[in-house]
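The same chain A turns up in both complexes below, where it pairs with chain B and then with chain C.
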Partner chain A sequence: MFSYPTVRTTFLFVAIAIIALAFSDIAITSINPWRDLGRFFLGVVTPDFFSTEGLATAILRTVAFAFTGVALGSMCGFLLALMYRWRIVRLFSAFIRAIHELFWALIFLQFFGFHPLTGVLAIAIPYSGIFAKVYSEILDEADPEPRTLLPTGTSAISMFLYARVPDVWDRIRTYTSYRLECGMRSSAILGFVGLPTIGFYLESSFSQGQYSEAGALLILFYVLIATIPWWVKPKLLPIYVVGAPFFLGEGLPIVWGNVARFFTEDIVPSPIRNNEGLGEFGAWLGDLMLTEAIPGIWNTVVLTQIALVFTGLLALLAFPLISTHFGGPVRRTSGHIFLVIARSTPEYILAYILLQLWGPSMLPAVVALALHNGGIIGHLIGRQSNNIKLRADAARGLNRYSYELVPRVYSSFLAFLFYRWEIIMRETAILGILGVATLGFYIDSAIQNIQFDRAMVLILITAMLNIGIDGLSRFIRRRLALQTMPTC
Partner chain B sequence: MFSRLIRHTALSLLLALISIVPAYAETFVFTAIPDEDETKLVERFRGIADYLSKQLDVEVRYIPVKSYAAAISAFRNNQVQLAWFGGLSGVQARALVEDSEALAQGVEDQEFFNYFIAHKSTGLERSDTLPEEVRGKTFTFGSKGSTSGRLIPEYHIRKIFGEAPEEVFTRVGFSGNHTRTLRLVEAGTYEVGALNYKVWEKELEDGNIDTDSVKIIWKTPAYPNYQWSIRGDVNERFGDGFKERVKQALLALDDPKLLESFPRSGFVPASNDDYEPIEEVAKQLGIID
Partner chain C sequence: MTGIKLSGVTASFGGERVLGPLSLDIKPGERIALVGKSGAGKSTLIRMLYQQANSQASLIPQDLGLVHALPVFHNVYMARLDQHPNWYNIVTLMRPFERERADIEPLLDQLGILGKVRATVSSLSGGQRQRVAIARAIYRDATMLLADEPVSALDGPMAHVVMSLLNEAYETTVIALHDVELALRYCQRIVGIQDGQIALDEASSRLSETDILPLY
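For the complex of A and B:
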């Protein structure tokens, strides 16, 4: 068995996770975790759709921010994709997508404040980086044949529009509309830092223990995501995109002087700003690294590695729930519902809920990351397993699972898992805002102390860490010859 | 198909840019630190907005924020001109905005204090100092930027034990706000917590505290706290003497229902110098440079 590189890699990562577990902080610190969990589920089954006056507005804003942000992101991403052969563009794209939407929002909040632009850019910028990469991959795969058939002297633009784009247009459209669903989730969580989307109200009702109100918000959010195929039609798309900017809310006016101040003063390290010399700057940076960056990186990596393995475990356990090779329609339907809920709830919201219920430790974060990411991968490989044709006399039950199906889906399972490695790390950093001591915790603390210079250095470190993991993940996928489509 | 889409998206981008140009000029906007349950804050400050709007004859708007830092940033960025800050957030905000000043504080804010509270399972009783037995327990502050939820408790913990909170307690958390601290200690999620006495008393009065589960173990010495702070440039924007009018309006506030919602018995004049003790402590703890 160990002769297979995929198996060896698996055991290596499991071993790393076990070591990481030894260093991790896993505990349920609340005295009555199950009572609160019970109250929460009671809230979900007795939703109160009329308690918050802003419920309908929150849904509208969530959709509006998602559409505007994703539309802007896809346009900029498309332009970047055209220049993707330049190293500098690739680096730039990798950099902007390595910073999470919430961090972008926290940055823009400092100078645009509560203006709709904060939310739009927080989505559009990282999405541009992602779109750039995926679009360029799609464009590269366009069939070169049509181009050779065009008469000589055809302009580059015509050649691009008539010979290259039509071939991949469907894939671009499919990916973009898939990304819209991701945008909806991003938009929702922006509320947690103060933008007027669902997250804003979800945070309020949770922190006040109004679980019926929180339940109503969650249900509306699931319905919104689950019904996307019905209300997002290609024909209606231009209308949505044109209309969305009008429903972002008015916010507060931008004061442009703040923008200049942010870049020329706020984020300049304080020893340099106060002309204290390079020696002081070194001491400042050293202190920041020692007391915040290194502990933050350590915790981020530990948590990521544990969450990665639990994600894999959960995905492997969950995919039979929707596989046609097991169980009847009832089991599959409930499996589908479970996986839809798991994958449409952003990690941030799951972690927030679990932290409220179990108290602070790495446990809520691990469970949240595993549920969300495991739900996504479980859904994808479950669907894939349905395409596998088994012999009529194939083994049943556990043997069918372990000898027939798992080996056949294992490569693509690993491909998805490694693809999500970087995403899990990006989310792990963000969960720090909720109180787990990952990089996000120190970034949030610096922002709370109005020390944007420190926050900026930590955000840059987070981005570098993500870029590093992304590179490592691509290396491993190449070595194991794993191929996958992008997920979010 | 493709070119049509480009046309549409270009058009929508243009419209998007037009629509985000602000169309409202002279609204007086204020905010407040989110130190309590949001529902309560929104109710309280909408009342204040109505009151100020009548008194000042300008449109007044309250915007709720999700963090202390967001309140400070909004004040600094001139997106709000007035704010109800805590002691620390006020000091931080005024240091960032030239000529800004503390206008008025609650009567009670002149001599504010904190309660340290504990869950019944700890067996701790009320005493004259923070007892040695809290060592090794779990502990929650309020918000990271709070005076009564963070600054003052941390100051006393360090003074009494000579160590950082992380060394005294096995686990240190930030609940987010005072109501949340109360709920978490009441539920036993944390064994010990520190909160603003006003929140405790109001919740107690409203019958929202299970006094069998949670009790006060220590009352801190007094310090200056909450205040209304205003930007220095409001007169240029809203007319001469505007700052003074805001001050007088706040001092004259006597609607019992509004005062009750704070809860404060009234407002008295305040000055930046009143908050020097807070600044000292914040410097000692390295929260401000």
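For the complex of A and C:
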């Protein structure tokens, strides 16, 4: 069994996670966690859709920010994709996508304030980086033959529009509309830093203990995501994209003095700003590394590795729920509902809810990350398992699972899991804003203390960490010959 | 107008020689059929002739090289992308001009696929796709035609229609054909390829089917 590289890799990562568990902080600290959980579920089953007039606005703003941000991101990403053969463009794209939407929002909030531009750019910038990469990969897959047949003298633009784009247009469209769904989730969680989307209303309902209101918001959000195929039609898309910017709300006006001050003063490391010399700067940086960066990196890595293994475990346990090789229609339908809820709830919202119920520790973060990411991978693997044709005398039950299905889907399972490794790390850092001591926690505290210079260094470190994990994940996937499609 | 002259050319694939060394002189106005077993090197020879002819030749490759997501009309129009400015090509992509429609539609009519002018190539059958590639080659209006099995997916009467149309449109043609009868009827010179070498090079008036069969 250990002669398989995939198995050896699996055990290596499980071992790392067990060691990480020993160093982690897993506990339920709230006084009565189960009563709160019960009240929350009671709220979800007794949703109150009329408690606040803000509900409709929340949905409208969430959709408007998602459409505007994703449309802008996809346009910029397409332009970047055309220049993707240049190393500098690849590095730039990798950098902007390594910083999470919420961090971008926190940065823009400091100088644009609560202006709609903050939310739009927070989505558009990281999405541009992702679109650039995926679009360029898709464009590279266009059939080269038609291009060789064009008469010499055909201009590059005509060649591109006739012999390259049409061949991959369907894939570009499918991916973009998939990203729109991701954008809806990103837009929703931007509310947690104060933008007028669902997250904002969810946080205020929770903090007031209005669980029925929170339940209504969550249900509306699921309905919104689940009905995308019905209300997002190719023909309506231009109308949405043109109309969305008009529904972002007023926000607060931009104070341009703040913008200038942010770049010329706030983010300049304080020893340099105060002309204290390079020695002081070194001491400042050393202190930042020792007291914030290194503990932040350590906790981020520990939490990521634990969450990664639990994600895998959950995905392997969950995929039979929707596989046609097991159970009847009742079990599959409930499996589908469970996985839809798990994967459509942004991990940030899941973590927020669990943190409210169980108190601060790494546990809510691990459970949230595992539920969300495990839901996504479980869904993809389950669907893939339906394409497997079993012989008529194939084993049943546990034997069918372990002998027939898992060996066949294991490679693509690992491919998806390693693909999401970097995503899980990006999310782990972000969950720090909720109080888990990952990098996001130190970034958020620095911003609260108006130390933007420290925050910027920590955000840069977070981006480098993500780029590093992305590189490592690609290396492992290449070594194990794993291939996958992008997910978000 | 000039012909093409290959002298002592070779082609290798994966370190293995698949063609040559061979020499072939194609004069303007000649109609040449390349015959021989599949794998003998006909396609490679056509590719080399295409490279040699640079932009003067119109090519019908065996795999057609069509853009499946585009309609039939645009796949034909692509033959003359170099003759229009970018804005014209972009507008045509959205809505074809009357002038090109008047050129392309009669051609499609002769080939029996006028009804498919707005259909995407992906929705067509193999034979219909082959006729789109033929329409495109004719619309290209180059000085020479290089075609690799252009009628392999067409039935008898349609194969004859296509061969006459190609001969009408081009004075100089090099066509790889596995149908010996068509080769003798529509070409003046037969070049037989065997194991990457020219094994036969004779005027078709002096050949019969039985002379060619040993090549297969």
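Things worth noting here:
In this section, the second predicted complex is superposed on the first by the 488 of 488 C-alpha atoms of A that agree within 3 Å, B and C clash if a C-alpha of one lies under 4 Å from a C-alpha of the other, contacts with A are read in each partner's own complex, and residues count from 1 in each chain.
One rule holds in what follows: contacts are C-beta pairs under 8 Å (C-beta built on N, C-alpha and C of every residue); 3 or more make two chains touch, one makes a residue touch a chain.
Everything quoted here is computed from the prediction, not taken from an experiment.
Once chain A is used to superpose the two complexes, chain B occupies space next to chain C without a clash.
Looking at the shared chain after the overlay, A:P146 reaches chain C, while chain B stays out of its contact range.
Of the two partner chains placed around the shared chain by superposition, chain B is the only one that A:N449 touches, whereas chain C remains out of contact.
In the overlay built on the shared chain, the residue A:L285 is in contact with neither chain B nor chain C.
An angle of 150 degrees, to the nearest 10, separates chain B from chain C at the C-alpha centre of chain A in the overlay. Of the two partner chains placed by the overlay, only chain C lies in contact with A:S155; chain B stays clear of it.
More residues of chain A are touched by B (comparison of chain B with chain C). In the superposition on chain A, A:T68 makes contact with chain B only, while chain C stays out of contact range. Of the two partner chains placed by superposition, chain B and chain C are both touched by A:W169.
In the overlay built on the shared chain, the residue A:A394 is in contact with neither chain B nor chain C. For the overlaid pair of complexes, the smallest distance between C-alpha atoms of chain B and those of chain C rounds to 6 Å. For the contact definition in use here, the residues of chain A common to its chain B contact set and its chain C contact set are 161, 166, 169. Chain contact summary for the complex, chain A toward chain B: residues 29-32, 36, 68, 71-72, 75, 109-111, 113-117, 120, 161, 165-166, 169, 192-194, 200, 203-204, 207-209, 238, 241-242, 244-246, 248, 250, 252-255, 258, 270, 359-360, 435, 444-445, 447-450. For chain A in complex with chain C, the touching residues are 143, 145-146, 148-155, 157-159, 161-163, 166-167, 169-170. Contact residues on chain C toward chain A in their complex (touch as defined above): 54-55, 59, 61, 63, 65-70, 74, 78-84, 86, 89-90, 93, 140, 142. For chain B in complex with chain A, the residues that touch the partner chain are 1-3, 5, 8-9, 11-13, 15-16, 19-20, 22-24, 29, 37-39, 63, 65-70, 72-74, 76-80, 92, 96, 119, 121, 138, 143-145, 171, 173-174, 176-177, 179-180, 183-184, 187-190, 287-289.
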